[in-house]
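What follows is a pair of complexes built around subunit A, which joins subunit B in one and subunit C in the other.
What follows is the complex of A and B.
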């Protein structure tokens, strides 16, 4: 059920509490990156069928940005992680 | 020119006083609760949380990581603000006038709440003392379980009228009454 998202801070919540903020896969380029790189980052999206990663903002709850990994065909949710924790673990920083 | 400001509760026009005696299902509205928002600086969440827990006459409401509401009906906002600001790594702000506290109680309180919020409040799933931010009647607020069958809701002042009317409507089948607390 995609309509229920398990927030790591708040527990199981209906999707109405969230606002979806788009694809979580693109990585923001350096400020001096080429126009082509910036164009691709801002406009070009794959729109895949199946497994996707998105930013979900828990506006009605803890107000944290989450990264939700889900299947847009079966509506199965695989993981929900705090976006800040994810970014910190990616950069090797300890919270 | 001097202006004298008169404190007037935002639900004054909603609670008209036709109901004299509270029924078993009742909403109590404290007139002057103290409500502070407290944020912990990065890295000091556990220490600030533990220090807040030790404050006397204050209950702590969880909002999200590093964020709480401190609620008290006995300690003044100024007094509590002083205490909280002494805690290392904590930032606090007085929101007593910006938030409205609603205390709802009754044997069927979960049936009333189930009609306006979508979180599992079964006694085993939501223990006494637990609290969380959630949508209450489409408004983002904080809900806490304070007793066997009693809950407290904190919503922004400007939404309090809407949430209050919604709760009253949902409680009609149990003859839900409402009134300000005498204290």
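What follows is the complex of A and C.
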């Protein structure tokens, strides 16, 4: 039931140690992007039933932002990755 | 047939063997003027008011399970109109007024009980906030009373007044608030709609929304085949993103699960509805004696109608912190319902970019109390193509235009509303 999260830094930890920030898919637009782009980033959510990627902040542990990939119907957790690592690999930067 | 005391006596003499079903089980017709997707509280009340107030009776309500199988039967049955903002308060007061006449109106016992609600406050700042809210209510002609500590103690001596961290300083009372029997609300609306010619079609899941070349909706694909319609109305809160996607809508909604609990039956102890200002805990006692209570959502996105144990623990801790005696009661049942959490904590009753598609969604976890007004305003919108005055600010494009109705002042963070 998404009760245990395997933090890449701290190991298996209970859900209560984390603050959930929400959908990890929207990417922050450039400051001068159009109103429409900002509107979509701030307010519009795909909200899929099934596989979802969410930001979980390990507030009671390493305090890193993590991306948790899980199923929001079965609550199965597929992967937990450090958000910075994901962002670096997406931009092709080497950690 | 009109239900009455006389009917009950008459049927008692024949052993209650001749009661007729409260509604028909029709097969879908090939075309309706209006199709409402979702046979919960809001869909059924919409159908009822469409038929009764606006004379639109060629209507079908499509429900994927059985009537009232979703959140209308999964809430803590509280009705109230103690809101602050212009976009909300007149709307919820309209709902409260409809609640007050509801049972006579639809001839069904919904056990509406105006036992009052007290929102407790625990700090000077919170007192000021509640005084402000009470004043806002009174300026809209709604009853509100600020109680001091002794007045609260007289009413509810069992509360933890001397809590070391969160002492109770007083509360905001709305006497006209209370509770209603949630299932009966769905049944009453269903019966009222059915008797006016609305087809209530159960076990009929909508799997697609069919549109013509111009983008207009022509009907829906369902598990019982294609059904055509002139206007399509979505009242599928909890799954609005799923049904909205069928028509390509981009929505400001995340789906979350909220849990509710009921204890074993106890003698009368809690005279009203109480909310805890230091946590997000609310409790009342049903007429059967069970304590009905709940607290926060589970914080992570969920489409599962079941919750997490951590939230159960959190809820009970809050309850015991407020009412120490609660630690002796045993929980009988717990359940979860999935809801549309909108980006400002307020609902949406509006038209969509598609001309003949109407949207009722984003109820967060305040949808039950809104059931009558939501149905009335949605029916008004569908029948007249213009918003009801009290719902005019609950628009879909308010996010884009910067006119959010953010009652809690929490920003676009749906799991915090």
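Heads up, the rule we're going with is that the second predicted complex is superposed on the first by the 94 of 95 C-alpha atoms of A that agree within 3 Å, B and C clash if a C-alpha of one lies under 4 Å from a C-alpha of the other, contacts with A are read in each partner's own complex, and residues count from 1 in each chain.
Keep this in mind: a residue touches a chain if its C-beta (ideal position, glycine included) is under 8 Å from a C-beta of that chain, and two chains touch if they have at least 3 such contacts.
Note that the structure is a prediction, hence the values are computed from the model and not measured.
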Look at A:16 in the shared chain and tell me whether it touches subunit B only, subunit C only, both, or neither; answer first, second, both or neither. both
Using the superposition on chain A described above, determine whether A:57 touches subunit B (first), subunit C (second), both, or neither. neither
Return first, second, both or neither, reflecting whether A:74 touches subunit B, subunit C, both chains, or no partner chain. second
With both complexes superposed on chain A, which partner does A:47 reach: first (subunit B), second (subunit C), both or neither? second
Which partner, subunit B or subunit C, touches the larger number of subunit A residues? C
What is the shared patch of subunit A, the residues that subunit B and subunit C both contact? 14, 16
Considering the complex alone, what residue numbers of subunit A touch subunit C? 1-3, 14-16, 19-20, 22-23, 36, 39-40, 42-50, 52, 54, 56, 72-75
Can you list the residues on subunit C that touch subunit A in the complex? 239, 241-242, 250-255, 299-304, 306, 308-310, 343, 399-400, 412-415
Residue positions on subunit A within touch of subunit B in the complex are 9-14, 16-17, 58-64, 82, 95
Quick one: in the complex, what on subunit B touches subunit A? 42-43, 63-65, 67, 118-120, 132-135, 140
